[in-house]
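The structure follows.
Should a chain be cited, it is by its letter among A, B, C and D, assigned in written order, with residues numbered from 1 in that chain.
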């Protein structure tokens, strides 16, 4: 089972609770010979850092990742890489009042049903904090991919019912996204999205959103039929994210509305390279990468924790009201913070697919 | 890797090409003590059978499944269950003309890129025929679930841009679906869907669609955080299906448009049982089942094989035109045939989750 | 779990009972591009065939393997390879009298304890017949290895208390073994072994034995620390064989008697190639192959089924006597028939290690 | 692959190098509801501690294990348990002189062949220090087993060519072992073993040894045919230990010398409980536990690091002499320190088998 692990060859295992001593990730199967340092991990974690904008929760600590193993004289050795991120900000007393209340949209009910015990402080394993460990592992995967020219970016393409206009100018989108504290590729849409966020925040409420990922310069031939299809592993990776509710590759649900003659991507020969004239498929056919950009989207529900009072019951079934304590930290839109995590998940899935593809043929 | 396998404890491995001797599935990890016969498998295969309606391809053969192992005196023994479905209808000569042409929306290009070889007859492993093996395995899973009162049904909720109206009367929906050759829960929508299908078929074209699944009477506590969440495994299972492009659980992408106060399902006490007043989440919280109905949707692209001529290139990159041979068999809408397969995937994932949940606590 | 599967990338799953319709093996992860035919499988199965000598049971059938999938135009495609071996000789009525008797040394007691049901006809999954499926899979692995010059042979180095003299002339040993119906590398020892077997057979009894395997021309760098060490996977593979009771690599238990200065293999430079002057280690250091021959041994207990009457109890605990029916077929020494199976297990483990080693370094 | 992980449901992953910041183990799949504290781990680590006797290396530090996750209010929660053991004693400068020399019996050659890089300080992942992480994980497994009355002990049954006399009085053996700093069950043999160790130590040499494990009060029905047999998983676990060269279950290699009528354990009814009159099989039949004591042995080669000078070559292939620096710490007999590690491996394999057995039947 190993339910806290993901990946076949490049395999990560995350651990740690939101309010324990630390969280961490163990990477097994990272090939030897990659230059790697704490700073490589830190750079990615800083992108995910809270407090970069007014719409992610202002958690006081700054995540500080340390590599504990698997790197010798600046290079990966093939041994497991253990990365640890201490939890510095651990006052959990404010959660005591919530201890026995079932929290709408939260996992305390289901964890209790399953395990009979729940670390209620900040959400335990169900906390979004677990995703910091994914980002740390993703930093290693991204560095591997960079050596092969594979580039990944993600952006917030929808907040509530504000959607950005689609574009095929990936360079511009990537550049805009890098300059936006909210990871938004379209400056015009950003204004409307901020307005929606502000309205929700003022109302003590939250908003859902959609994150789009784009992987460029991916080699063809990645992904293993039939159950390790590239998009199947991406879907699993994305649906394992807290608050995610949907995944699509290429046109996704929109594809359901089209005719085959509209949707099919026609093959053509461009200066000796066979590729498809359009990319409705989103970069895979039959679960294997075509060499076109890998494109898809992940839907996130609105943050479950809201300032507004909510009726609920306690663990004994007694009716009660849930009000978060003053000063509770919650993002009005989890999708914002999810953007670098979606990138990390892409990187992890793609690196694993690259390593798996090394076994596709007997004679290379 | 084992890329042709799915599941942790209840683990299936499918094999076989569309035009080889047979296809089959090996089930490892089925508990001992289930009454099982060939007829149990056959009943499910017949639901998927082609030719039940004018919009699935009229393949001549009737799939005949045989259990080769793992059952003794009518009961499962705990040994692996090997189920074999012979391919009877194997004239593949008509595919010869297509041999070297890259087929838009098909996997022959990517298989060649990956493996350097492709069984072009009918799609090889990428053929939808592989899903018959899933249905056979799903029949075993469904029988296990039936003993615990878990019920699964799926229906075609969208064809092209015709969508059915949503309903919470699952009994009625299940009954209507059972009476519809196209697995449509809403007789009114069915008329419009058939009209759309007929138009596409006449034009030598195809249509996409969406399948919704509903699992009732599921116990709470199923699904393993954080990477074996129930919805993560469902997402992987569904995106491993040929032609699938998207997955959502609960409100899915619609959740992204809502406020937290709208989306959160409030807990209440109904005659001593804690449950949620609404079920926007679709039956899980934190990746673990709540005990409410498990509900989600899978998007399918329009069938890639169409009668209309399409421009393409051959494997050497020379421009050519793809025209399917007279009498080629293709469904105008793969989503129709996918309905029982979606049910099978649900059953497989749920049974696996039930067995995994047996290890959640040390003291039961 | 998948308890009927072995291997990480090159993964086999066997199925079938001794007296069912067929047995078989599914190979997932065989790379594309290997020339493969039914005849390749058959050649290996014939080596294991009963009736090659008077000391293996004269089962009437001849195993006929058929490849059902994964091969197209004579080459592996990367798709799963399903190999099926029908059971032709299925009169199991003679086992009826034994149905409720616990058989000393057999698995019917433990299967009943575990599963509550047991296919008593010929041993079900616990039958040595399951190893035919391993040999079929091993034939594929051997063919892969042959393309890289890796050579495996095994020989019967002990029967009862008759042991052959050790030798480092592997060529001679391999040649002698190939000419011996009992797979014995030393013609002098063969005479004594046959005498011992004859004595046991006449007495209605059976004898244990030891099989030694030798893998030559293995590349260095195979095996993954720390739990996928080459010898760890060999040990698991060998202890999964019916009737096996021990495994050793290199000097094995004899190493325990030595001084470090005696056991250590000193490195030397032979014409530019670093290797060890001796090979007490048996071809691995730290779980990774050195490039020297991989050598080890597997101990087999005497066949549990003997003609001599044995006291026992039935499933209700009533004292009874077990007498095998007239004409029962049993090998007086299972180790003889195990020889080609040990070769198969070596081949399977080594191929898997070769594929895993492809991920050891990022830059190759 | 996950080559640093062991187990199916109760799955451990170890990490860390001998001279890095720390070593550790991540346990995934430990059921919720076990009372667990740092002290539980520490107690087992102390048993393995160096310096308990003159024949294990006097490493200065005392291992101090800390649980970082997975325990809340003194109980396991079902979340992954991360245990970290800092490395306090890290002066590795003395290894610098050895950096480029290939060390007979060591893994630096093979790691270099495989990965192209090797953390030469103290052996990296190939160091016996990795086994401290196994003992920490084993402590959790032992605590689980204790709640079910399963008891495991191991003892040093052979050093060089001194063997203890076998006995069936397990109570006495366990008691004697507990009182012996060298884990020897027979006080008479202990004297001879110490003499042999002293002679080897004085000569700057080392000795091999054999460790026997005995698991009492094990339920029947554990172990999964055919590749997850209880003894197959034990064999893999034991051969994954540094310096181990052989494994046997029950009579092991001795079984090869016997007649079937001698080796078969006859079933009998003892006051309503069916069991075997003898236990030559060592507690399993067909890979599944019988309910008798689980007994086997592991052979360890003599420590590779010896004070005596040894000829070798360096990484460039130049002849040189290896002399360990003054004050190098090495055990004259690794088998002594291996005793609690063998216990840990037994506990890990057995707990995993218990959890796997929960899926054996559909109706419990």
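Points worth noting:
FYI, a contact is a pair of C-beta atoms (placed from the backbone, for glycine too) under 8 Å apart; a residue touches a chain by one contact, two chains touch by 3 or more.
As the structure is a prediction and not an experimental result, all values here were calculated from the model.
Shared contact partners of chain B and chain C comprise A, D.
When each chain is reduced to the average of its Cα atoms, A sits farthest from chain C. Mean C-alpha positions place chain A and chain D at a centre distance of 39 Å. Computed centre separation for the pair chain A/chain B is 26 angstrom, with centres defined by C-alpha atoms. Distance from the chain B centre to the chain D centre is 46 Å, each centre being the mean of its Cα atoms. Contact with two or more other chains is made by residues 1, 3-5, 8-9, 14, 29, 32-33, 78-79, 111, 114-116, 125, 225, 359-361 of chain C.
Within the complex formed with chain B, the chain A residues making contact are 1, 3-6, 8-9, 14, 102, 104-107, 109-111, 113-116, 125-126, 130, 158, 160-161, 200, 203, 205-210, 220-229, 231-240, 242, 245-253, 255-269, 272, 274, 276, 281-282, 284-291, 299-306, 308, 310-313, 317-319, 335, 356-357, 359-361. Residues of chain D touching chain B in their complex: 9, 29, 31-34, 76, 78-79, 144, 147, 225, 355, 358-363. The part of chain C that touches chain B in the complex is made up of residues 1-5, 8-9, 11, 13-17, 20-24, 26, 28-29, 32-33, 66, 68-70, 72-73, 75, 77-82, 84, 111, 114-119, 124-125.
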